[in-house]
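Shared between the two complexes below is chain A, which has chain B as its partner in the first and chain C in the second.
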Partner chain A sequence: MSSKLPSHIAPAATPGTPSRQPVYALVGNPNCGKSTLFNALTGLKQKVGNYPGVTVERKVGTAYTQHGHPLTLIDLPGTYSLAARSPDEAVTRDVLLGRRADTAMPDRIVCIVDATNLERNLYLVHQILDLGRPVILVLNMMDLARAAGLDIRVARLEKELGIPVIACEASKGTGIIDLKLAMSRPELPLSRHAWTVPAAIATAVSELQASLQDNDKKPPLIARAEALLLLTDQDSVRVAGSTPLSARTEEILRGWEKRWETEGTDWAGVLVNARYDAIGELTAEVVHTAGDLAAGPSASDRIDSVATHPVWGWVVLGSIMAVMFLSIFTFAGVPMGWIEGLMATVSGWVSALLPEGELHDLIIDGGLAGIEGVIIFLPQILILFLFIGLLESTGYMARAAFIMDRLMSKVGLNGRSFIPLLSSYACAIPGIMAARTIEQPKDRLVTILVAPFMSCSARLPVYLLLIAAIMPTDEVPIGTKVGLMLLMYALGTFGAFGFAWLFKKTLLRGAPPLMIMELPPYRLPRLRDVFMQMVERGGLFIKRAGTVIFALSVVLWFLASYPKVPDDQNDTDALAHSYAGRAGHVIEPAIAPLGFDWRIGIGLVQSLAAREVFNSAMSVIFAVEETGDEDADTGHLRDAIRAAERPDGTPLFTPLICLNLMIFYVFSMQCISTLAVVKRETNGWKWPLFQLGYMTGFAWLVCLGVYQVGTALGF
Partner chain B sequence: MPDSTPERHRPHDLPLCQLPAGGIGRVMNLQGDAAFCQRVREMGFGEKALVTKVSGNSTILCQVNGCRIALSHQAASQILVEQVTGRLR
Partner chain C sequence: MSALLKLSELAVNQSGTVREMPKAGVAFIRLREMGLMAGTPVRLVRVAPLGDPIEIKVRGYSLTLRKSEAAEILVEPAAAN
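Our next item is the complex of A and B:
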């Protein structure tokens, strides 16, 4: 067809018209250097948020033309095809088709492709050219293509497609000026690339297009593109997304499908293959291979022979994970001290500004203390993001998923669930957000449901305190303490895998996931991009700490401080008298069979803010004087809880109780912030409430078993 | 859905997972549901495409269109290829 654009759907705003800032969309396959190009074009002028209704990251930036006019650039999620499969990909499709009310339909589209792999990358470009919008094609990684012996004739490609084609090396900044020049052009030619829709389905495409125009009120070229998508992806509901098809269009589609099924025509296959044939003809003209491509393994192949080796692959992955966790738990110590210092200073200022009273306590002991409890983990989370960013930008992350796939497939998940579960060791919140890249909705949900079993860093202080209480002296070899700690991490991991298996067998039964994943060539990491991504993700985390968690902390502070007791009573009595203290009493019958009393109950209630609050709750209950020296405080707290007794004079924190409490912290769902994120990610309260119920119920049952068996055995 | 048509089943086609490492195969037939076929075609495993199997038994690593793709064993077993060349075990 010839995609000559009819004048009536010419872009509403072009760089020449001053009425509205022109909108450009940046589109490409995953791993083609899209983010690097986006950063190069927009610098630090970026805004990251979410598309309303779906939890897909929305990145918008401002770039400038050669004449200094600002233009809006939207970085759309990477995809291989407009026939979207995951929520991320659906956003790309919907923005390009002008279906999203919150995002203006882009005036122009910048398609970025990996020049080393032109054929596969051009598939998406081919679909986008059908939209009849002005397109600029960016051939990225031209240096790598040359190194691989590929000679890409840019001028020829430009002539064949009829659109500007820019050779570029985004990571080195070459080609960016040419791209900006092209983006600054007041007029852009439309593609004149012609491809033939296979005869078997051409009539159907015309009929569907006509119906989409007449009955669904789509502009002509969009109607054509949608007709082609409806035939590419056979799930018409998924293609239609938020804009359901009219009855007439649906009828035409079903009619054709029925007819083809009787004839034995694989219409989707015919269509995809026809596109690839057209692309094949194009690349045959444009790409010449200089030299012998098959001459020996590339550097990536040599690395892969170790990194994806059935034995050495595990060794490499294990070593990287070990280095990552060691870094998280050692290097984070210093900046965590700074944050504590900073928060103490802020508290000091606020304290000096506000007179003693309710408001003072609310802000200092409620809000600020709650925020500190969360942002204290910022260094650990930043280190985690740094590692994830490095592993992603070098291309190793795909290999890790590849290796883990063997393990994950045993419980019915695929390798893509690895990154969310790994992130959850630092904090379940970024882990759950990372599940967005999982294509199958059921697999994504299973991953979200089990991610909080991974022991997050907020559990660490609780484990440390309880292990110290079990083994207070230095006579116990350090290995035993570390072993007990690792046991807790292992329990959580097995819990996650076990429940994933169970859910995939029962509640969320689905076909075994079929992992198909591109392994991009290894590259040196772009530190600037990694750093920007780390700051961006850290920023989102802080933003949440400043809003949701502040509010939750204030509520929990209120519960722990009211109703007030007369001034002559001490803090311990005040807490016992408070709503949280009463809640401790209320839940005592439920937790007594696990060996926990109401004082531990208060700790459990307060852990809803963040699990490590357990420690400070215990400090208040057992009236430990804080000295400011963390080690000494932990030591004092350890001694205090070891000295704690039940009313009958027996010790409260026996080794069995400490162990049981740790097991409870491993399995139970205690974090309100996580539940809030799950609610947002699953668009409702159903799954977070289910998660709260099943995790806490399971924790209760396990702890009941451990305590009852333990006491029967005389521990 | 348009699953594989009977006439395209040929006895000497073998699933991609059984292609020996280093071997090259031509994709002859895709089995499985429509969504799977669509995705693998769009990733370059369309009928007639040439695939080089790099390694793997449980998870398969192969090369198509100059691009490395990892597939689970299950996915690879649904892609039938005709062996064109390559080392035999």
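Our next item is the complex of A and C:
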């Protein structure tokens, strides 16, 4: 079957609805500069959300034609092919095929390709041209193509394909005006590129096309494109929101597959080869290699000979990670101080305005503290996002995955889980949000489930307090204290990898993950784009997780403040009398076998706001006066908890209990912010609740063992 | 035609031409779609520090894959230079 597409003229937007803005979709391979182009076209007019039912980012922006008319631009997830392998790719496929009810089929498609690598990039374009929709082709990275000695005849390509082809350099903004002019054209020609569907599969394609037209009510060209796609779409990824195939079409497809299998026909291979043959003919005419292109290794090769070197590779990786963590610990403190200062000032104003009373307390200790609870995380989160963004857009992220893949494969994951897990040592929230780069949904979920085992910075104050309580004097060598601290980090890491292994063996079993990944050339990122992305991700955190965190903070405040004690007693009694205090008593039977009493129980309950709240809860319970001097306060708190006694006069915080409490903090899930983010990333409460249950349950079991064995041994 | 080697057995910096690829399997269809198919010249660029995965140059770009997949792809090594 040879289909010559008519070069007829397509209308700009759906006729009859002149008021509707035309919708353009932006598609391309990963790393071809798609986000950069999207930013250049839309500026700050972007909206980021999710496709309903799947955790795939939906980015929509408004661009303006040269005549100032607004148009909608959808940034579809990057993919190498329409035969989807991951939910992200499935969304791209479904939107282009008009399979998603929530997103209308785009009127026009802007395909962006990396000019330095035309052959592979044109594969996707070739599939898209089959759709018979108006397409504009953008050749990006023309600067790099020229530098590589490639001479690309744009006019020739335009003539061969019969569609507008625009040479671009998205990072500098060159070519954007030409692109906008092309987008503004009231009418766009359809591609006249013709290629021959190989004889071995031609009959099958016609049959499938006919069935798709009749049974699935697809327009002819889409039906043909979809028929072709079905042949390479093995184990195709179905995602929520996409309409399934009709039974008849499914049946025809299975029938052919069975027949080919017995005949030994490599149907998918034949089809892919035919496309690459057609592309080869095209590029032979269009791309000329000027000068000696193969002269010596490229800059990326030279960087990689160090960055992925068996020895230096580790040094580079270690240094980058060290810089990342040092930046978080040094720089985050400053804005966190500002936030605290700002919130104190605001509380001051509110205090001055409102009379003492319940409303006063609700706003200051509940509402404002809740807001602070949300934004106090922001500096750390933003710095992490900045680093993750830099790692992504420079191309180093792929190298880190390359280096770490072997280790991650030991627990059934692949190298892409490394950065999300590592980031979780600072804070699990950006780590979990960064897990979106993991293609396979099961691997992504496993990574999300185990990420909070990594000891985050909120656990640090708790560890420090408890280590100080175990070893109060300076006589103990500092090495012992550091060793104990490292032990906690190691326990969390083992927990994460152990459970990842377990989940991949049982609950979330799947094919061993692949590591088929492009190592993009190193590029100098545009800081503006990296900053925009950082702000965007930070905003998403506030928008989606912020409300939940805020609401739960207010609830926790309520639990810790009500019911009020009748007459004005001190804070210690007030807390003991409150619901939170009672909750401490209620959970005491559950935590007594771990050696914890109700007062520690209150600390555990209050830690739900953030683990470090344990320390302030202990300050209230043991009536430690705040002096404002942090070091002195910590010292007083340490002395206070060392002095704390059980009713029978024995010390409450024995070394064994302190150790056990630290272990509990390593393993248990106590952070509502993380749970809120997991809910957003997994689309429901099922997985966050599972995470809460399994982590806290495991913590309980381990602590039970440690305490029972420890007491039996006489500690 | 010289003896076929597994892609995973190429020496670092050794080039060759792909001769055989498994037909089925998501991994191999995707590899084909990314331009790796019978007749494509490849070069093994490097092996990751821990011995897996490998990096190859194909159609002018760098691609990684695990040795387990590479072992199923047969290449004809280019004449030694």
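Heads up, the rule we're going with is that the second predicted complex is superposed on the first by the 643 of 715 C-alpha atoms of A that agree within 3 Å, B and C clash if a C-alpha of one lies under 4 Å from a C-alpha of the other, contacts with A are read in each partner's own complex, and residues count from 1 in each chain.
Heads up, the rule we're going with is that a contact is a pair of C-beta atoms (placed from the backbone, for glycine too) under 8 Å apart; a residue touches a chain by one contact, two chains touch by 3 or more.
Since we're looking at a predicted model, the values are computed, not measured.
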Which of chain B and chain C A:Leu464 touches, first, second, both or neither = neither
Considering only the touch criterion stated at the top, classify A:Leu407 as touching first (chain B), second (chain C), both, or neither.
-> second
Touching partner for A:Arg120 - first (chain B), second (chain C), both, neither = both
Regarding the shared-chain residue A:Gly313, is it in contact with chain B (first), chain C (second), both, or neither?
-> second
Once the structures are superposed on A, label A:Thr232 by its partner contacts, choosing first (chain B), second (chain C), both or neither.
-> both
When the two structures are overlaid on chain A, which partner does A:Val154 contact: first (chain B), second (chain C), both, or neither?
-> neither
After lining up the shared chain so the two structures overlap, which partner does A:Ile542 touch, if you call chain B first and chain C second: first, second, both or neither?
-> neither
Once the shared chain is lined up, is A:Val350 touching chain B (first), chain C (second), both, or neither of them?
-> neither
Footprint overlap on chain A, where chain B in one structure and chain C in the other make contact | 80-81, 83, 85, 116-117, 119-120, 123, 232, 234-235, 266, 268-269, 272-273, 276, 300-301, 304, 308, 398, 402-403, 405-406, 409, 415, 511-512, 514-521
Which residues of chain C touch chain A in the complex?
-> 21, 23-27, 29-35, 37-38, 45-46, 48-53, 55, 59-66, 68-69
For the chain A and chain B complex, residues of the former touching the latter | 80-81, 83, 85, 116-117, 119-120, 123, 148, 232-235, 260-261, 264-269, 272-273, 276, 293, 300-301, 304, 308, 398, 401-403, 405-406, 409, 414-415, 511-521
Sites on chain A touched by chain C in the complex = 80-81, 83, 85, 116-117, 119-120, 123, 232, 234-235, 266, 268-269, 272-273, 276, 300-301, 304-305, 308-311, 313-314, 398, 402-403, 405-407, 409, 415, 511-512, 514-521
Chain B residues touching chain A in their complex are 1-2, 5, 30, 32-44, 46-49, 54-56, 58-59, 61, 64-75, 78
